[in-house]
Amino acid sequence: MKLKIAIYWGAACGGCDVAILDTHEKILDIAAAADILLWPVAMDFKYADIRRLEDGYLDVAFFSGAIRNSENEEIARLLRRKAKTMIALGSCAHTGGIPGLANMYGRDEILDRVYRSSESTVNPEGIVPEERYMAGTDEELELPRFYNNVRPLDQVVDVDYYIPGCPPASMQIYSAIGLIADDMLPKKGSVIGAGDRALCDECARKKGEKTINRIYRSHEKVPEPETCFLEQGFICLGPATRSGCGSRCIKSVIPCRGCYGPLDDVKDQGIKMLGAIASVLEPKDEKSINAILDTIVDPLRTVHRFSLAASILRRKKA
Amino acid sequence: MMKANGKSEGLIRLEIDGRTVSVPDGSTILDAAKLLGIEIPTLCYSPLIEPYAACRICSVEVEFSGGKRRIVTACNYPVWEGIKVYSDNAKVRRIRRMIVEMLLARCSSVGVLKDLAAKYGIEEVRLEKQEEKCILCGLCVRVCAEVVGKAAISFAGRGLHRRIATPYDRETEDCIACGACALVCPTGVIRVEDTEGRSVAHEELQLGPPKAVTVPFLQAVPNAPYIRVDRCIHFQTGGCGHCAEVCDRDAIDYEMKDEEIEVDAGNIIVATGFELFDPSVMGQYGYGRYRNVLTSLEFEHLNSASGPTGGRIMLANGDAPSVVGIVHCVGSRDQRYHEYCSKVCCMYALKYAHLIKEKTKAEVYNFYIDMRCSGKGYEEFYDRLLAEDVRFVRGKVGEISHVPIGEGEEGKLVIRVEDTLVGIVRRIPVDMVILCPAMKAQPDAKEFSRVFSCSVGRDGFFIEKHPKLAPVSTTTEGIFIAGACQGPKDIPETVAQGAAAAAEVLSLIDRKEIEIEAATAVIDEERCSGCRICNTLCSFGAISFDEQKKVSVINAALCKGCGTCVAACPQGVIKARHFTDRQIVSEIEGILR
Amino acid sequence: MKRIAIDPITRLEGHGKIVIFLNEQGQVDNAFLQIPELRGFEKFVEGLPVEEIPRVVTRICGV
Amino acid sequence: MNFEPRIVGFLCNWCSYTGADLAGTARIKYAPNIRSIRVMCSGRVDPVFVVKAFAEGADGVLIAGCHPGDCHYQEGNYKALRRYLLLKRVLPEYGIEPGRLRLEWIAASEGERFAQVVNEFTEQVRGFGPMNFKDSLLESMKNDVMIHGEPETQATGEQR
């Protein structure tokens, strides 16, 4: 029996979908193993088609993107109902991803910036999206509601598995689909298509004992090519981030930014990383410690680049 | 006896005062006489340096084989085969008497000359008397040049104006303050004083220059002398070297260097002891300014039978004290310095009082805050001292000064103290003050504790694992503490602790296995990525990196379970047994429910 | 009046919905295109270190 | 009704927890607002515990350890200090007053000081008013509801 799958995006950029396509000729294997019933980026099915299915008809739904608006939530709930297995695909669905950074602000601040105050906005009439719009006299149109919060998928619906990454490595998606096809999925709630250890495990850079005396930004120093970024004073989230991406940023001389999310048992990837960084600072007196901390620009969003919405505190308190 | 210096091919026979003796060729008459035990007086002679024959007091009469007779100086006259020497006949005695009389006229109060005068029966000096102290023997000049290899002093002037002087009579940098000149001076006119500090005066209580070859203290282990490089002439000028010459066992090796020795040990007992509080910071007690204000340790040294005075208790001027004050709690039980009680001072102060009474009959005052005589037989000893008429004044001494105000204070040290039992301020004149300074922790205890992974308390002393249940253990397995490095304590307690520590070590060795902390941290090797964040965090060196597996590992035997690495591990793969994240988070949830 | 909804529009990047209103003659009376793709990048890039901007705004569209 | 702050105290086993014990045995009265959690060392306090405490409704978090140089584990308290200083910078980003987190050195002998710190901190936190993290999160999501389609039970995201 061929698998029946749906692939959908919420508040996403489409990168996850492209990552599926990036399996190149192996996409044909996927097509051979599965009937795709919904995939907006590549195929033409409508929501109505899904609504018509029996509950649980789909074997698997891959959901990429965060829950940013009511449409995202609606389809997430719809797919959850229709699919036996719900998989959060990519950082946004897994931990909120880049869109999750919007949790540093409230809905009104964002709308104001986007539709009124941004330098490139031309909106003399001050039009902002309205949830209900009367087209003519009796026809009502609805726009999805722009939420105050960005949520990862599992804060909205029950999620069975997670495939992390921004985007997930194509081969990892392929192998995860293999697990599904072969019915070899691990226990519910597991992260699949990624490693069990942190990125450092697959990072080729030499790691020594770490003592940090200042933090550098990328333009402040040319990183030495073979040594651990963190040891050189660049903030690298590798130690707090799951492996599986193939250390692609590291190979491009960019310290890890944490898109593969936390490891098992870690409740808050970013705060954990802060604790680790603070631990390996050299000085013992408040003044010198603060001098180093001064060199860390924007610590909260640096360590929560992809995981703010899934962090323990989730957002800036109003 | 002088060594033969290799010239032993032929022996020379001669006769001194009718007795025959054989000595190596090249020996002097003085050497030969010494061999026979015949005493020939000398003044300018020292076996350390070439004979000089300046004072002529060693004059003897020699009869040659042909019967010819001559007066020669024994110190530098070489022996001849068959000569006969008369060391003390009438002629020799007459000559010596004249020499002594002339010297005595110059230096009428010099002890060695007085002794000689008595020996040769001089009752009246017929020449004009002078009060010089220096007999111009030149020993000092020659020892400085020949042994030390410097020329910091020499003769100056001629005839009647001949004297010993530094170049241009100024303080000279050539002088290395070795004290050799003072050591050889037969009249004691040369004194060594440190112009910048008081170390020379107090260390040996102005009884002579400090020695470069010394045994650290009488009970030292190993009880062997060592050379204090900073004091040794050889190490400063390349000269001297006499100790190597006289040592029959060739034990002295100037080339020896300090070396670091590595020893593999499974247990370490830290017994680094204490340091004495330096009372010179308490200016009001005049320590360092008044030569008769001593610390207890200095007094101990003075009082020691093997000390510089052979145990005679004396003041800086050599007189016996008639009143001695002992000041308790100097820098201890004092909020400005050390708040704790040094514990041992009361009892040693009582011991001193007893010994001073016994040895000098001096009156002894103890100035105390509280008498703390807890210990077996201690209170009884205190009672005995009370019966011995030792005076006890309860009150902290305010000041010790040499400025006399009242009667009987002239030339004394005056102790000003509030007698809190009577309620008046008293001034008590004494000759000698003994301060009982606080026992304080070694200044490098902190760095030391890092090496041994044990903790240091606020007072600087090492902290035991548990004050009652593990008094000689530390928080690091296999590291034990004993003695005053753990806190002030007396010898019985120290011995008991040392024995306890040794027993702990022996029991560990005997058991062949060790118990370890149950609440340790453990790394899940299957999930550790080897990021090495934790590697520098452990104060106990329990975390190491397995280069083979590329994971960090915790040595459970060393882990103390503090959990710092657990909190730092960004992967959550280090677990603190009994204090897991889950447990603590559940607690948080529980108490906030 | 007849209403045709194309929901979602597909094979392009992004979310979209088209609603077309036909009159009695079956001709298009009115048509509405919705693109509910707002994520607030304009706001939340504020205050980010400048070197982060290229890495963050690439998440506007990954297709 | 008066606002009674809820304060979570992470106390190190050797100094501060013992200090708290001493405050008790010495019958020193202090604000009952603190709820203590014993850890072996202030270095065990993971910053995650602090944010977790806030998330669970704490109005203030006190971390107390041995005085610098007195740490039973030598340097755990320095690690606590570094983490604390970094956390202090991050809390305002989350909209939490940094004064709701406090680090203090309290020795085993300082029962009185423990009481004084707790009293002072309680008043400090009282000054900030209730933190109500959970309520404010719910409040922020109050309008995040589907405007059509049936509302279903909310997933919590906790199983991850």
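For the reader, a short list of remarks on this structure follows.
Letters A, B, C and D mark the chains in the order given here, with residues in each chain numbered from 1 onward.
The definition used in the following text is that a contact is a pair of C-beta atoms (placed from the backbone, for glycine too) under 8 Å apart; a residue touches a chain by one contact, two chains touch by 3 or more.
As the structure is a computational prediction, the values presented were derived from the model and not from experiment.
Number of steps on the shortest path from chain C to chain D, with steps defined by chain touch: 2. With centres taken as mean C-alpha coordinates, the chain found closest to the middle of all protein C-alpha atoms is D. Chain A and chain D have Cα centroids lying 30 Å from one another. Here the CA centre of chain A is 20 Å from the CA centre of chain C. Inter-chain centre distance (chain B to chain D, centres taken as mean C-alpha positions): 56 Å. Look at where the CA atoms of chain A average out and do the same for chain B: the two points lie 74 Å apart. In chain B, the residues that reach two or more other chains under the touch definition are 537, 564, 567-568, 581, 585. Not a single residue position of chain C touches two or more of the other chains. Annotation for chain A: residues touching 2 or more other chains are 104, 144, 267, 272, 275, 279, 301. The touch graph of the protein chains shown belongs to none of the named shapes. Contacts from chain D toward chain B in the complex involve residues 6, 8, 35, 37, 39-41, 43-49, 52-53, 56-58, 67, 69-76, 79, 83, 107.
On the chain A side of its complex with chain D, the touching residues are 70, 73-74, 77-78, 104, 106-107, 131, 142, 144-145, 147-149, 151-152, 154-159, 162, 188-189, 267-268, 271-272, 274-275, 277-279, 281, 284, 286, 289-290, 293, 296, 299-301, 310-318.
Residues 446, 449-450, 453, 455-458, 475, 519, 537, 539-540, 560-564, 566-568, 576, 579, 581, 584-585, 587-589, 591-592 of chain B are the ones that touch chain D when the two sit in their complex. By the touch criterion given at the top, residues 46-48, 51-52, 54-55, 68, 75, 78-79, 81-83, 85-87, 89-90, 93-96, 133, 136-137, 139-141, 143-149, 152, 154-157, 159-160 of chain D touch chain A in their complex. In the complex of the two chains, the chain A residues touching chain B come out as 196-201, 207-211, 228, 230, 238-240, 243, 262-267, 269, 272-273, 275-276, 279-280.
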